[in-house]
Amino acid sequence: VCSEDLRILAQPRDGLTLLEDYVDEFEELSGAGFEIDYLNENDRRAKSQADASTVGSYDVYYVDEANLPLFASSGWIVPLPGYYPDEYDYDDFDAGMRQVATYDGKQWFAPIQGGGDLLVYRTDILEAAGIEPPKTWDEYKAAVEALNDPAAGIYGTGLRGQRGSGANVWRWLPLYALHGGKWFESEDTPINIEAATAATQEYLELFQYSAPGTQTGSFDESTGAFRAGKIALLVESAPLGGMSVDAAQSQVVDKVAFLAPPAPLAGSGYAHGFAIAAAANPTDEEKACAGLFVAWSTSKEQEARRLEAGQPGELTRTSTYQSPAYVEAFGQNLADAMAATGNHTQVLFWQDPRWQELGNNWGIKLEELITGTRTDVDGAVKELDEFARSL
Amino acid sequence: MRPGTLILRAVLILAGLVVVIPLLWTLLNAFKTNADLLVGTPKLFFTPVWDNMDYVLSRRSVARALQNSLIICSSAVVIGAVLGVPAAYVIARIKNRATREAQFFALSLRFMPPVAVAIPMMVIWISLGMYDSRIALIVTYLTITISITIWLSVPAFERVPIAVEEAARVDRLGPYATFFRVALPIARMQVLSAIAFSFILVWNEFLLALMLTTSKAKTLPIVASEMSQLGMNVPWGILNAAVVLLSLPPLILLALVGRGMNTAFSKKSPQD
Amino acid sequence: MATVECRSVRKSYGEHEVISDFSLSIEDHEFVVFLGPSGCGKSTILRMVAGLEDITGGDLMIGGRRVNDLDPGDRGIAMVFQNYALYPHMSVRENITFALERAGETKDMIARRLAPVVETLGLQVYLNRKPTELSGGQQQRVAIARAMIKTPEVFLFDEPLSNLDAKLRGHLRVEIARLHKELRSTSIYVTHDQLEAMTLADRIVLMNAGRIEQMGTPEEIYSRPATLFAAGFIGTPGMNFFNLVASGGKLTDGEISIDAPFPLSERPVTVGIRPGAISLVRDGMPGAIPAIADRDEFHGETRLLSLTAGRQSFMVAVPASVRVAEGEQVFVSLAPDQLHLFDTESGARIDA
Amino acid sequence: MATVECRSVRKSYGEHEVISDFSLSIEDHEFVVFLGPSGCGKSTILRMVAGLEDITGGDLMIGGRRVNDLDPGDRGIAMVFQNYALYPHMSVRENITFALERAGETKDMIARRLAPVVETLGLQVYLNRKPTELSGGQQQRVAIARAMIKTPEVFLFDEPLSNLDAKLRGHLRVEIARLHKELRSTSIYVTHDQLEAMTLADRIVLMNAGRIEQMGTPEEIYSRPATLFAAGFIGTPGMNFFNLVASGGKLTDGEISIDAPFPLSERPVTVGIRPGAISLVRDGMPGAIPAIADRDEFHGETRLLSLTAGRQSFMVAVPASVRVAEGEQVFVSLAPDQLHLFDTESGARIDA
Amino acid sequence: MNRGRSLPVVFLGPALVVLIVLALIPTIYAINISLQNRTLSAPDSDYVWFANYIALFSDARFLNALWVSLKWEVISVSLTMITGIGLGIAMFEAASPRWRNILCFLFIIPVLLPRVCAAFVWKFAVHPLYGSVTWPVRALTGQTPDVLASPNSALFTVAFVDVWQWGLFFAVIVLKLLESLPPQPIEAARIDRIKGWRVHRYITLPMLKLPLISLTLVKAIESLRSFDLVYVMTRGGPGISTETLDMYAYSQGFIEAGRISYASSMAVIMLVISILMFSTIWKRIGT
């Protein structure tokens, strides 16, 4: 199928490192090898944008929920159907992720990683305080407040403060949705001002109980704090689940349990995956080759290998979550939670090329509010509204 | 000893520690697991693991990037020196308006924000069909190496006594031979450190390398970017290992030209 | 043949003319010293001869050939610089042989020529040292060796001893004289130290403000200075000057009066006399001039008295054994044949 | 009271002892000159007196007070440095008044003290210039002005004239002498130029290798040098030395032989005689020594002949009018009363 | 006299030609882009002439970045110079030659580290939960200080790392400068009853005025490229309180919006301001 080695621009992941070990397998399958260049998330985004808009030197791009609309609408990538071999069973991917990979009614990438949110909590702390694992948002808030005990080095929760559509805004999105917020319901109402205000206030209130470092931190800081045993409970992206039961990464392995996000909070769906580049694959044949790579690299076999290698954060297929191997590796509790959380997952951000600009803009304001550089929530929301209108 | 001296010594020791401790700490951290790293009380004693180093060293990209970095930086530095050192000599020896302007022009190249240069350079190299080639990066880096070499070598040549060059002329040396046989050898230590400094600047260059390479010509700082993230995590252990790896070449360079580096910025001439 | 000839040589830096119309002819084997106060243009001329400085106008001939446009290396000269200008990155040996190597001499040849030079200057033990590891005097000898080995037709020295201390200066002065006696190369030597000039020169070219003030053997210049400037510049301690008026066979300022050595028309003259040509005499000697002693300086063999007679102050050299108290009155007499007369206005010497 | 007294002062740099057991007492108003070859420790002692160098052992008293541990600024001294050490970034006026300003003197006071100093040294027109815009001599005067304005009890000079040319050096030497006569401050002056030492000093301290070789007035040292070293060091041109053996009222080396000035036991002696104490005589004079002329140097008033007699080479100062051809044979006689005898081994003077 | 007249041209010519070509082309290109409305996502663009520049001056983030850049220049340059001069003098006064060598060697190391590395080293060191620098505070007070979270301390923390790299390096240079001074004026000052730090205040530093000014100039130029440091440590945050001009231009051009024309116009403004500022200073110290 392939005549030349494929070049892929990606973000470093254990799963991809593992994938590289099987380059021979792909070569046998397709007739060509592949080579992956890695950059960290921000550099990858900057680089892939610049590359796609100019040289087009990569056959496969790593795209994520945030830049899918931009890549798709700019014609930098091509939709999967037609180039994604049927035998790889696209529909087996987690429903939430598939939803994220959809733009303008088409499927654009095969997820490598993604999911919704999990409620992760410390069994020992909750037990000691006699608090039941929260099922609802109100219970959750009460638990956070009750368990916050800085003097003992335990903080109620962990949030993300760092600016960015994928950072602080990401954790704020479920609250916005909770208060009924939507993006661009019509031309005149780009955002729901009341919902945004309420969500922001609630987010800021919760931040009182958030561990230090998270005010300017993101996923890494809050989950790090949790894994270091500083946090009682939090709602975070699903990969935290697997990480927190990995002894190499966590100090609280035996003291954690998992639940779906407390109702009626929605999980903030996200997904990263491989998409076929348009510029570097002008012919159908080349597109087919790239498509084969996308499919092969996200296949069930690869998932099984990842699972075996203990990489729970990079599983994307429902069949995997339900497999006995998964339960054996991570316990029934996490398997159940993962299965349950899919129903909560939604696309909460604005699926549009301008989302990043909008999200980042809001991220800055949100960060200013969190760090106390500014205090006027109303003003900030109004500015967001104005900015959204200007887009 | 006067109390003032004691205080000054304390300050100096403190400053020395501020250099040493973070570096040793980083070295130490390169051998810790994340679990040993992410603890409230920093651990001095732990079971060292080679995993981080192994991860860094076993990456295919690291070996290639190391090779690229070495080739690209040394080429840019060598060409920059070949062009810049003679130019600095002329600027140092012939004092007129033109050379003064040339000197300032060389300095002013440092004003160009890399953000502004990146896109044009990208387009130029694409249209020349040389995008993602070592040559493209070498040529781009020439602005940095030439201008820094000129800037720091001018004082080195100014310190060569004119009389020695005149003696050389009396010894039948033409201007070229005077430069190569007399001026350059006399100023060599300081010129070397100027060149070393330009090496360090390009060795650490990030933005242009990010924009002008994809894989073939990728340099080490780009690989460091790769290692500053793994999944959704910052892999601190690996990152520390990468810092150690990336810092080694400049430190080796320091050890090699340390003496010259010391004198590069002093004003003493070799004949004082 | 290694004569050096300057024919109306001129030098300007931009607008500023430093040397104007300088003519001088130096014979083969001659040792010429350029002497003059700082800034008078000595180095400039030397550097023009060497080819280190462009010649603005006129002709420079070396060995009868016009060399105005020749490179320094092609003029058959060797130069010893004021601060040695050794190559700091080369060993003493390399410093000395560098020019020969450049000229493509064989190793053998170089070794053969190096030996006597090193021997003459006593540099054997230093051959492998770097210049920074030598004392000033040793460095100077290396500089001379470097010039010597080229067996140049013309040797140029630009104040080669001025950076050394008095003792060493005296020592190397003798050495340079000896060397010239051996090698007999035409030499031009620039200095502002008159003792160097007098002891070394076959001929002194006394310069002032870019012009030649007087030219001649040391004795000529010392005993018959052509101008007031020359008279004042040469001799330590310096010549005494009296501004007097010639009238009726006498030279007088109203208070003191001396016999004119030869008939003079009535006009202001400056009379010069060296401190050694004045002697203390007993009161009553005819022509004795009364003077008050201000101060005396012990110089070893002699003692230098500062005296005041009327409006004139002057110095007298007396044997060290003579003691004069401060404020004491003494009588002096001037040796009439040792009077130098100059026209006060033009400064020119007046002869009988 | 501003006497200076060193009591067994010692100074070591690490292991290396530079000054050992140096004792000297300087009276009020005295002008003492430290004279000695380079590296003998002159500067070191001066700097210990100034407080710029720690004292390793012994006591230093200024005005009767032990000052070993006093800061330089508190010792009531002022110092003039070899290369002036002016503050290059300050104008001449600021250079001179800086110390007073920092000491918190009023503007008025400073102006009043500045005026006479500036007047004395003739610095009025330069007050607003920077040091780099002055000639060496002018800079030196500023350095002296800076010291003077502090009206110190002790003036220290470290080779203040050595960077100047001969003419200027002579001029400033006189000026310093005049100044000392006016101010009468106790002064210590370091130099290796014997002319400076002889003309300025009330008392010369002749040093060698960290010890005092001889101490006395210039005349004493010149006419009765206590050691071989002192004899050789003082006097230009230097003393001639003959290594002879005393035997039977004669001093001889087998080829030449002179009468001993006083009876001596048989032993090797070194005879010193100054070039001026040797005279050319006609052949046949009793005691005349035949010698061959090697070379002569014209020195103005005199001419210095290098002669060789048997194994001995020596210099003779003759009047400039005497001409001797190279290689000519001459006869010399030594003035017996001007012979200096030294024990060849110990170098100590032998007196009758 | 005739041999080698060509040297100035042969030596200076190629370097200048290469530099001019390499500098001019991107600059002209950048100016050209800045007059258009190019974005990365749209292939077409039109000339909008000065619209980008006009827009800049009503862009609060740009004005903020301008202000932050100015603050950054002042803080980083002055702290670097103070540290450099202070430690330089301290070494001069209180360290033996042996110690001077050791300290000089140490003080040069930080500037050799890639800025990204230096940033990571310190970012981790001041981490509120795991940092080694913050640990004593944690251990003693139980507080978890997050210096990168507050606008003021964030800028100063980044500046600290900058000073760690450059200030220590400058200390070495200042020491070398001090050592190259003639000792006599300092001794003369001691005799003039000037003691301690006043010697430096009144004598040595004024004597070193010119080299110190040119050091300041060099630092000011290097401070313009604070991008890597800010990028790693704060990404311009918290809020936009450490977002310098080049950081903002990079975000606009590549991270957030891909508005390369807009970013280019910012870069052009930076270029113009710095050339104007530095050439006046350069002319000033040249005379």
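Letters are used for the chains, namely A, B, C, D and E, taken in the order the chains are written, and counting of residues starts over at 1 for each.
Throughout what follows, contacts are C-beta pairs under 8 Å (C-beta built on N, C-alpha and C of every residue); 3 or more make two chains touch, one makes a residue touch a chain.
To keep track of the chains, here are their UniProt names: B = Carbohydrate ABC transporter permease; C, D = Sn-glycerol-3-phosphate ABC transporter ATP-binding protein UgpC; E = Sugar ABC transporter permease.
In this text the structure is predicted, and so the values were computed from the model without any measurement.
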Subunit B to subunit D, fewest steps along touching chains: 2
Chains contacting each of subunit C and subunit E, listed by label: B, D
Which two chains share the largest set of C-beta contact pairs: B-E
Between subunit E and subunit B, distance of the C-alpha-averaged centres to the nearest whole Å: 16
Inter-chain centre distance, subunit D versus subunit E - centres from mean C-alpha coordinates, in Å: 57
Length of the line joining the C-alpha centres of subunit A and subunit D, rounded to whole Å: 90
For subunit E, residues that touch 2 or more chains besides their own: 3, 129-130, 250
In subunit A, residues with contacts to at least two other chains: 46, 50, 153, 224, 228, 230
For subunit C, residues contacting two or more additional chains: 51, 71
Complex contact set, residues of subunit D against subunit C: 37-38, 162, 165-167, 170, 177, 192-193, 195, 198-199, 218-219, 222-223, 234-236, 274, 276, 295, 297-301, 317, 320
Touch list for subunit E against partner subunit D, complex: 182, 184-185, 187-195, 198, 202-203, 206-207, 209
Partner subunit B, residues of subunit E touching it in the complex: 3-5, 7-8, 10-12, 14-16, 18-20, 22-23, 25-27, 29-30, 33, 86-87, 90-91, 93-95, 99, 101-117, 120-122, 124-125, 129-132, 135, 138-139, 164, 168, 171-173, 176-177, 179-180, 196, 211, 221-222, 224-225, 227-228, 232, 245-246, 249-250, 253, 260, 263-264, 266-268, 270-271, 274-275, 278-279, 282, 286
Interface residues, subunit E side, partner subunit A - complex: 40-43, 61, 127-130, 142, 144-146, 148-151, 154, 234-241, 250-251, 254-258
Sites on subunit C touched by subunit B in the complex: 50-52, 71-74, 77-79, 81-83, 85-90, 98-99, 102-103, 131-132, 146, 150
